[in-house]
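Chain nomenclature is as follows: A, B, C, D and E, assigned in order of appearance, with residue numbering initiated at 1 for each chain independently.
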Amino acid sequence: MKEDWGKEAGNIIARWARKHSLWVLAYGTGCGAIEIPPTMTSRYDAERFGITGMATPRQADVLLITGYLAVKTLKRVIRTYEQMQSPKYVMGFGSCTINGGMYWDSYNTIKRLDDYLPVDIFINGCMPRPEGVIDGFIELQKLIDSGQANGWKKYQDNLEWYRTNQKKVIKNWKMPDYNW
Amino acid sequence: MDTSFNLWILLMPFVGALVGLTYMGIGRRIIARVQHRYGPPIFQNIVDVLKLYSKKTAITHGVMFHLAPTLAITGTISTLMFLPILTGPHGIYLFSFKGDLILLMYIMVFGCLAMALGAGQSGNPNSAIGVSRGLSQMVGYEAPFVIAMVTLMVQFNTTSVHDIIKAQDSFVHWNMFQSPFAFIAALFAFLGFMGNKPFDVVIAPAEIASGPPSEFGGKYLALMQTNRGMFAFVKLVLYVDLFMGGAANFVSLLAKTFFFYLIPLFVGIVNPRFRTEQAITFFWKWPTVIGLLGFLMVIL
Amino acid sequence: MSAILQEKETTLYLGPQHPGITGNMMIELKVTGDTIRKATTHVGYLHRGFEKLMEERLWMQCFPIVCRICVPEPDPNEENLARAIEELEGREVPERAKYIRVMMLELSRMATYLLWMGGQSGSAGLYTMPQWTVGDRDYIIDLFEELTGGRVYHMYIWPGGVRRDLPEGFEGRVRKVLDYLEQRLTDYDRLLFENAIFLRRAQGVGILDKDMAMEWGVVGPPLRGCGIAHDVRKDEPYEVYDQLDWEVITHEGSDVYSRAMVRRKEFEQSISIVRQVLDKMPSGPVHNPGPNPLKWRVPAGEAYVKTESARGEFGYYVVSDGSLKPRRVHVRGPAYVHGVSLLERMLVGANIADTSFIMNSLGTCPPEIER
Amino acid sequence: MKNIKGALVPFSALKYLGKKPHTVRYPFEKKKTAERYRGFHFNEIEVCIGCGTCSTICQNEAIDMIKIEGVEPGRGDSGLRPRIDNGRCCWCGLCVDMCPTGSLSLTDQYLHTSPDPDSYLLIPGVDNPEMKENISFTKSDTEPLLQFDRVPMRELDGAERVKSFAEVVLGYMQEEARAEATRCVDCGLCVTACPDHMHIPEYIGAIAEADDAKALKYIYDNNPLPEMCGKVCTRQCETVCAIGHLGEPIAIRWLKRYATEQFPDPAAILNPKIAEPNGKKVGIVGGGPAGLSAGYYLALRGFDVNIYEALPRMGGMTFAGIPKYRFPLDSLDKQIDYMKKVGVKMHNNVRVGKDITFDKIRNDNDAVFIGIGFHVPYTLGLTGEDLENSIQAIDFLRRVNIGETVDVGKKVVVIGGGNVAIDAARVSRRLGAEVTILYRRRVEDMPADWEEIEGAEDEGVHIVPQGIPLEIIGENGKVKSIKYGMAEMVPDDKGGRPRPKLIEGDEHILEVDTVIGAIGQEADYSFLPKEIMDELKIERGRVVVNELKQTSIPDIFAGGDNVNRTMDAISAIADGVRAVEGISHYLLDE
Amino acid sequence: MSDTLQKEEQIKASINAAFRSAKVSIQRKGRIIVEFRGGILPAFASYLKEYLNFKHLSMISGVDWPEDNQFELVYHLWSYEQSIHVMVKVRLDREAAKTKTLTPLWEHAETYEREIHEMLGVEFEGHPNMRDFILEDWDDLPPMRRDFMTREYVDEVYEWRKGREDAQDVRQTIAEQYNTEVPNFNNEDK
């Protein structure tokens, strides 16, 4: 009984800390990256929420997929995602991550991000405004708080399915195994 | 005495880390203000560390990689132990009676070396380059620092920090004013110590990701961040001890350390980063010359 | 210590995920110590196949997608495609629309320079500057939003003129932003352009030989930073640039610093151009309508049009076979040469610390390299 | 020195420590988006006509046209409404600029974040009715993408026209036709209004593509008299044209006319495939549009077709009722000749019931189609109507068209406001008379085409609206003058259109030579034997038929004016086409 | 008119004098199109570069003309001194597309040629470094060929999000409402 209580308290603190300290991986994968600087700098100042850019995947919590992903980038993004430490979150920016967006008929971009990576939140827009991005973060915070931002668990549980999808588009699969 | 002593031994690292991290938080707010924005909450860095502790961590790069953060934090804690934190009747001395400046100078490097070894094992070329840069730069800023320390030791004819503090019994006797050249030299070294711009060649994000810690994440990074906070506190206290005559109570300690914290912060806000060799040349030029000048004045 | 490591050659991958890289590309560096021995660029991380997509789209449908070719400054793309089509069709553009286009292009140049200032100083570790400039850039973005309805992708310049007329009181707001930026320039100067450490970092770094610059097809500020006065706006004046009073900025030195100074001074020129445009803007229609976009056939032919973007000459080669869709649209982004072969060449012998510094000074923009 | 200055000036940045940040503290404070911001879509469901232009122009294929509950398809409305896939949309606003009705717009709302990628479908106007308040980016009137102005049609000058019966409308030149066809957005809403449901977008598309032959093929697919339609059709299609909501509708009629005029011999282009004779015979009473259409397609299907026509030429009302300046004879002949080539057998000057009995036709053939039209005029019901120079428009026009010389004198009054009245008036003008039209209601209430009314005015026809004829005054058995009173419009108690009400005492007398009545016609069923009349179900002068134009007698089919109420050529053609299905079904049991 | 096109006319004359196989036309002020058929391209390019001062290679475009069974390479050259842009067009056989590299003349031609190699499948003889440029592990037709159908490829490789299947074609819906069938005359012989 007491142990449970301790665990619960720990969870609450952990969730609270996770929610207020979202470190974003500095990886501009697509054109949505152009609205990241305004979001992070003085005009919108996402740092007010403890959102900061991080240089390496090992240290980051949130992976922003800022729009379309070229197949070549997808391979690197998967690698990057797998290097991140759980719990980790993926944010899909704009139309391109949802259903192909502008590049729906492009031979070189993926259409549905959630086939390849577990996406915790999608933001509407092409591209999302800074307000939209911040709104996405706030929504993500809510999800973390309620314990629903479980994309990383989903990825572990359904790794097989994700791998099948990933290998379907990435023709030359030379990557180390995912270890968590 | 004994209970309070033991209590302080247990508490001091936490206090140090908290203070260090809070300073960083305040620093971030100040930076933000200059940058025309609001910035994060003051306790943001503490939240960050808490979060990092809560993260699952699955990185394997070898034994040294595992040990490095622990070794680093051990180094910092031992430094803290040998440092007079508060002076006067209610002073917190811990083991500082037993140690002296030379020991301090030695164990301060210990943590950095541990980090270097750990980072070296991570296999990330960014880390390797970061380590090599760090070591090079250390060679740079250690020069003026050592000169300043030697000046102080010669001046007071002691290697004990405690004695140096005692010698600065009043405001006017602070080493800041008594031996300004040594102070300036040490101050430049301090900029290097703190790794703020323009001397942040080690972590230089735009160049080598985040340098040595590139591969460290989750709990490792948490330890390292704690260490960073604590180490900042250690350095600040050391400088307060050496140049501002220590502090008799917590309020004065905080005020004085914060003053020292602001100096590299302000310099960092408005300056870009040196290249490594530029940083080394810089250290070996002005600060060293000034330090030597002070040393000469002392021995003459 | 570094002498020991000097012996060993390490391979360093800069990107695609790397904070120092502009956009999403990768440079493979062979380094010994801090010195680069060999650099190989890898691009294609942002390839969307625009040119293929345009073959599948009606002429009008190309407009929403061309602006995505270069993310930081979409307007020269719209301008180029619009002008290419106008050349093929022989369609006249109303005078007022020409002025508005110049205003758009210059505002977008300023916005890009602000972003660049942030990037250039950010890559040197001075983070106050990007916070300022990117924040101030937002005021220009606000103007764009007001004029076009979109913050980043405007879809504003299109064949026959521009999409909408200026809103009420817009001119005054543009002037206000210009005044604000002009006054901020002093701050920028003090923080960055006169900063001793910046000067030490930038002077003598990233030297681009004058002859090489000519031969390698270097354009824009890097070319003018070599003291060569070439600017598409003067060489082949389009819209109303020949009716405005401005000069081509050059700077001797061929290094990162001179390129920075060219941009810094061109920023002032742009402010002056926009002011002149506002003073001289005639009244009248802003759009010369064309056929129904669904059945719009552009006469067969080809056109090469160029625009001076913030990073240099943006060229569009448009081939029409007289059908509903373009036959071929080939885009020559200024960063194509700068960002791939020239960068590879310039990085050899440089310090790792200067990689992204040099890259920024060349204005590399991966999305337009691979389109 | 410079170095030291350079090391110190940057510290001036610290002055910002004391300044208020310019951060927009979203979400605690919100910056208003621009007035033209391009956010989520909003669609005025009532105004939208479901033309799908937004869906066509969208380069992202983000817009689907879907069926929506509560929106019924109808005339000029496909019943579909756009749904936006926000997983595709790029908010370029092309759909807004292309929307022909202006119902689609963008709002200043843009926030939607959700972990569920399937939640990004939006039916504007249905899912977000509250956003009506937030509309920001709307269609521009001054910088249109669509072309709202019609390519003007060249016409003879009014003064020139009255000198002869030469055709007034000159037809499009090739470039003009291409330009006009280019305006079309291919929505197909016109098809909903066309009684015959012709393939309008397809043939306009073919004209725009400079493939007139293909256009002709589309046209002849379900209309064998396109040249006639191209000249005299009532063009209901144009009333619902998507472009017509904010501009001038596409000149569908003129384009059809253009396509048919390009080829002197349609047979050469169409190469009609005539099926092997199937041994069944069909007799057709009345050689009007309905009969001809039925005959043409029946012949193509291998039926043996005989058409019996009382007048010397085929064409029915289009021959007898429509003046030649609108529909020249050679144009009619071209089409009749083509039909003959296909194998339709035509018998002119045969009045059924007089020259041949209906029973004989019925016995000789496996099925009979009745398309006799309305050739018997309504009487005016005025005193003096039976005077010598008081004539009926429909008789007058027929006589002129057949080639008789008719003397209408110097002054003519036409009573009525329909196309027949205008025709009679304009023909009278051409015969040299001064013409006045008396119409009970206002000009805008006239059922005639506005182009016809305008044309009449151009030619110097005087229109007296709200004028109710009261009495025709005669002298020596001839018309001398007409007395009429002015009326005022009063609202209808039953909610219908306003009625004219005579103003007491406001009476006028007009000296005239001839009075032409043109207030409507009816059918003449006297040729039918009594037992058939008894069996045949007729309501209000019209034969009752089913979907496939079959009457209450299974082997008798009917179409044209004597069946439908729209009373125009295209409806008659549609009836003919439908009847072909019915007859095939009935005879071949397909 | 002749006055303003003087420079262009001069260049036209010089090219005509030196290379018979080059068909020169002046498109407008500052634009010259040279159709270069046969002969050695590097020699011609070098002539333009060294003698006529077209120092700046702006870009190389590749256009696919499957109806002629040819690829067209367009070399865009620019002369700073004269402000004239020359487009040199070379046609290659589509089946065995091969030409000489221009990297000895302009080093940065390397990337353009790499791109054309990748996007159209043209071979450049003597190119020093023909590695992948933009695409990675691409095994289909070179994408910029007209016969590579990107929409078909996408349908095959990627999947669409469900939920949009109820979309209707407006024209088709209207046709069905009135039980009519829209014939297709598109593929009939004219």
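Operating definition for what follows: a contact is a pair of C-beta atoms (placed from the backbone, for glycine too) under 8 Å apart; a residue touches a chain by one contact, two chains touch by 3 or more.
Source: prediction; values computed, not measured.
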item	value
If a chain touches chain B and chain D alike, it appears here	A, C
Per Cα centroids, the chain farthest from chain E	B
Chain whose mean Cα position lies farthest from chain A	D
Chain with minimal offset from the mean of all protein Cα atoms	C
Chain centre separation (chain C, chain E; CA means) in Å	24
Centre distance in Å when chain A and chain E are each reduced to the mean of their C-alpha atoms	39
Computed distance of Cα centres, chain C from chain B, in Å	43
Whole-Å separation of chain centres (CA-atom averages), chain A against chain C	29
Where chain C touches two or more other chains, by residue	18-19, 44, 47, 49, 52-53, 56, 64-65, 128, 131-132, 135, 153, 191-192, 195, 197
For chain E, residues that touch 2 or more chains besides their own	135-136, 143, 148, 150-151, 161
For chain D, residues that touch 2 or more chains besides their own	10, 13, 21-23, 25, 59-60, 85, 87, 90-91, 117, 186
Touching pairs among all chains present in the structure	A-B, A-C, A-D, A-E, B-C, B-D, C-D, C-E, D-E
Of all residues in chain B, those that touch chain C in their complex	31, 34-37, 125-126, 128-129, 132-133, 135-136, 139, 197-198, 200-201, 204-209, 269-278
Chain B-facing residues of chain A, complex	10, 13-14, 17-18, 20-21, 23, 26, 41-43, 45, 47-50, 52, 54-59, 61, 84-87, 179-180
Chain E-touching residues of chain A, taken from the complex the two chains share	71-72, 75, 98-100, 104-108, 110-112, 115, 168-172
Residues of chain D defined as touching chain A within the complex	21-27, 30-31, 59-62, 85-91, 110-117, 120
Residue numbers on chain E that touch chain A, as the complex places them	135-137, 139-140, 143, 148, 150-151, 153-154, 157-161
